[in-house]
Amino acid sequence: MTLLKVSDLVVEFQDAATGRINRACNQVSLDIEAGEIVGLVGESGCGKSTLGRAIVGLEHPKSGSIVFDGVDILSLPAAARRQARRRVQYIFQDSLAALEPRQTIGSALHEALIIRGERNPRARAARIGEILAATNLNSGILTRRPRELSGGQRQRVCIARALLAEPKLLICDEPVSSLDTSLRAQVMNVFLNLRDELGVAIVLIAHDLALVRQASARVNVMYLGRIVESGPSGALYAQPLHPYSRALTAAILGIDPEVERHREQTVLKGDLPSPFAPPSGCSFRTRCPDASDRCAAAEPAALVREGRSVRCKLYDETAAVN
Amino acid sequence: MAQVALRRLLSALILVAVASVACFSIVAVFPGNVARVIAEMRSSTVSDEIVKQIEVQYGLKDPVPLRYLRWAGRAVRGDLGESLRTGQPVAKDLVRRAPLTVILILGGGAFTLVMGMGLAFLGALWSDSVIDRIIHVLSLIGASAPKFFIAALLVYLFGVVFRILPTYGFAGPASWILPCISIGIIPGSILSRVARVALAEEMSRQYVVTAISKGLPRRRILVHDALPNALPVTINAFAMHFAFMVQAALVIEPIFAWQGIAAYFVEAVRFRDYQVLQSCLLVFCVFFILVNLSVDLISMALDPKQSRQRLA
Amino acid sequence: MPAWFDAALSFACRLGWPAILVVAIDLVLALFAQHLTPYSPTAQDLMSANQTFSAAHLLGTDHLGRDTLSRLIAGSQTTLVAVAVVVVLAMLIGVVIGTISGYVGGWLDEIVMRSVDFMLSVPSLIVALAMIGIFGLGYWNMVAALTIAWIPSYARITRGVVVATVHQPHIESLWVLGASRTRLIAFHLLPAALRSILVYASVDAGVLALAIATLSFLGLGIQPPMSEWGEMFVDAMPYLDFSPRQIVLPGLALTLTVAGFNYLGERLASLDAPRAISGRTLRKRLATAQRLLVSRTMQ
């Protein structure tokens, strides 16, 4: 069952000083099934966070549609939109900033339940107890303040708070990138448990493909506001189609030396172009090792085959030849 | 550079226009019947007939935008109307009183600059000396003591105890000294602290450490490198104090019985003479805008990086 | 950081207690003025005019024979009550304006902030004087004039805090959880704004005391027969030659009060950050406090 269907979403920002427009999401489409973990990968500035924020309603899309749980959210009036989005929750990258510094953890969790309309303090305390167990936290932290917790604990508190809203979909913006490597597994395990035990669908936003690959069933690769490739994570990792995905996978240190030995080494040249003035045609062509003249002419269309989709002229042509 | 300066000039002009609207609107929001206030000021017996006559004479029944345009048109030609209390033309009074206030503010500004920069520089020259202590204590007092208190103490000290300076009236340069010191001493003490901190900050930077380790004398670095770099901060602070001297003049002029523009403004407030009130406010606003404009231009000239950034 | 600055800082810290003491004494004097004054502050006794320190009149008498100590105590009440009224009024109105302007944003924010900036570019005392010129003399007219002149700075600070907070993750995550606009403003944005505002207000109280004294000095604020320090001061100016005591005492009372509030504000500013703050942050905070102070102290 498709839980979330984003189609042709466009989100734009205007630079206040120059008036130039940055199209952070350019006709993005994304499908998420109930209870699956989906990765969203790309460099900083590619629009992956904007996409996540637009789904929960922190950004206002210019056009496109977001269908969540069968409801076309953007066609609703503003008040009803929030009601429809109550079961989508968001986890911020910086867990310290996501919690009010002066509020104790207990008070923050209670507030989340009060917002949901739970008036009875006993019922709230019981619910919080359950959630703490689900996120491997002990009740001692309830009287502490965010600054007194470790990064891993704080991030799990954020997850616990989001879970109090009984989400069907959890959007996690770089949930572990500010944590030590040793703590990452802790938090990632919480995500896996959520999926297995509560059936929560999760969008994992990350700049690191390696992290996403283990947990997620499918991966979307984003570049300059476009999803350039998407597919099952195993296949995408083993045989990346888009040159950009090739570069990303090449950056991962693999375990299997046989696979790695035959991996084509792609190192990107140059920097991400300014999002205010993206290149004509294929936006990746300025850094693409396989770029040619035709890439500048028109934007490549998405080619969908065997559950995978890719936007690149290379495959456009092969498709035509085949 | 010239283009940026021009743009800055234009925005200052727009600000003057905005200020004139704000000053004019003081009459527009004047509570009660303005005509009656005027009539009461002229004679003790007020009849409705006289009030109506005044309404016609001053055009008080016309729509507000029309009245503004009429007032602004006259103001541009140098006619600011007549004082309600004395019947004298306001513009003439302002011109007559201007030299006192100008001398007070310029003299006070010069004193502030000399005192502030002098103390700060001496403090930086011999850091951790008694001068730094003086700067600190002065800035503490300067931030808390009322101007009129300091002025009265100075009057007592120089006029009553030592009897070396005139404490009253406007008669020749000798009588200018005490008022100018009175108005400049508090901003001077605060400026000395700002400048001292700016200099200390510059002197603790990497390039100074490098220069000292290369064997350059401290004094040379202070004069050639630290001072120019600390200047923009200091000038900005000074400009703020300079602009705020108008406010200080409100109390300094009465203490020394100077009939300047600030005293004129206070009188206008006391007698609710709105013609004088709005004219004085307009003069003050133009002064603030001019000070801000010149600071921007000066710091632009001092700091080439800033002007380049603004162009980009 | 230069050593003298550290010394200055520790000096300021040591001054913290005296500051609290001064403000506390002020408050006690103001609250119990009626019981603490040895004489009626308005009782004239021309037979004992212009007396110096004595057992009967601890701090002497003025030109009308009124007891200076009694007038100083009554003056602290007048000043602090007026300061409290103006600070509370200006704070309430300013915080509401700033919060709405910052939260709603758009053209409303633009208009409100442009006018606030314009008013702030003119010294507050001049704005207050212009207002008195419109309203006329009198106690409540003065309070209204000062309130109007003081609203913009509170609106500006509040708006700054709100704009800085509203896009912070902790507010956004509450929004995602479904918190209502009212809840966000009342429980999260306003308290955050109030914390910064209170620090500012305590410095501001000193500046306001100065402004009230200045207005009274000009004869445009507190009117006789009420006792007020600025008014006492201007009363005594003609007798400066032979009785400087009469101007030094109210002047000192005013200076001490203002200094007390200033230091209290600085201390509050450092308490506002419970975590260990680096020397650089502390220096920045002090510089900001200094700047705010300087811009308002120029009376």
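So that you can tell them apart, the chains are marked A, B and C in the order they are listed, and the count of residues begins at 1 in each.
The working rule: contacts are C-beta pairs under 8 Å (C-beta built on N, C-alpha and C of every residue); 3 or more make two chains touch, one makes a residue touch a chain.
Here the structure is a predicted model, which is why all the values come from computation and not from measurement.
Engineer: Can you give me the shortest step count from chain A to chain C, moving only between touching chains?
Structural biologist: So the least number of steps between the two chains is 1.
Engineer: So which chain ends up closest to the centre of the protein, judged by Cα positions averaged per chain?
Structural biologist: Of the chains present, the most centrally placed is C.
Engineer: From the C-alpha centre of chain A to that of chain C, how far is it in Å?
Structural biologist: 50
Engineer: Mind checking the centre-to-centre distance between chain A and chain B? Centres are C-alpha means, answer in whole Å.
Structural biologist: Inter-chain centre distance comes to 56 Å.
Engineer: Centroid of chain B to centroid of chain C, CA atoms only: how many Å?
Structural biologist: Here the centre of chain C sits 22 Å away from the centre of chain B.
Engineer: I need the residues of chain B touching at least two other chains; which ones are they?
Structural biologist: Residues: none.
Engineer: Note the residues in chain A that touch 2 or more other chains, in rising order.
Structural biologist: none
Engineer: Any idea which chain C residues touch chain A in the complex?
Structural biologist: Result: residues 168-170, 172-180, 183, 187-188, 275 of chain C touch chain A.
Engineer: Could you list, by residue number, the parts of chain B that touch chain C in their complex?
Structural biologist: Chain B reaches chain C through residues 18-19, 22, 26, 29-31, 127-128, 132-133, 136, 140-149, 152-153, 155-156, 160, 186-187, 190, 193-194, 197, 200, 203-204, 237, 240-241, 243-248, 250-251, 254-255, 265-266, 268-270, 272-274, 277, 281, 284-285, 288, 292.
Engineer: Show me the residue ranges of chain A that touch chain C in the complex, using the header's touch definition.
Structural biologist: Within the complex, chain A contacts chain C at residues 56-58, 82, 85-86, 88-90, 92, 94, 97-101, 111-112, 115-116, 147, 158, 161-162, 164-165.
Engineer: Taking the touch rule as given, give the residues of chain C at its contact with chain B in the complex, in rising order.
Structural biologist: That would be residues 1-5, 8, 11, 118, 121-123, 125-126, 129-130, 132-137, 206, 210, 213-214, 217-220, 230, 233, 237, 240-241, 244, 247-248, 251, 254-256, 258-259, 262, 287, 290, 293-295, 297-299 of chain C.
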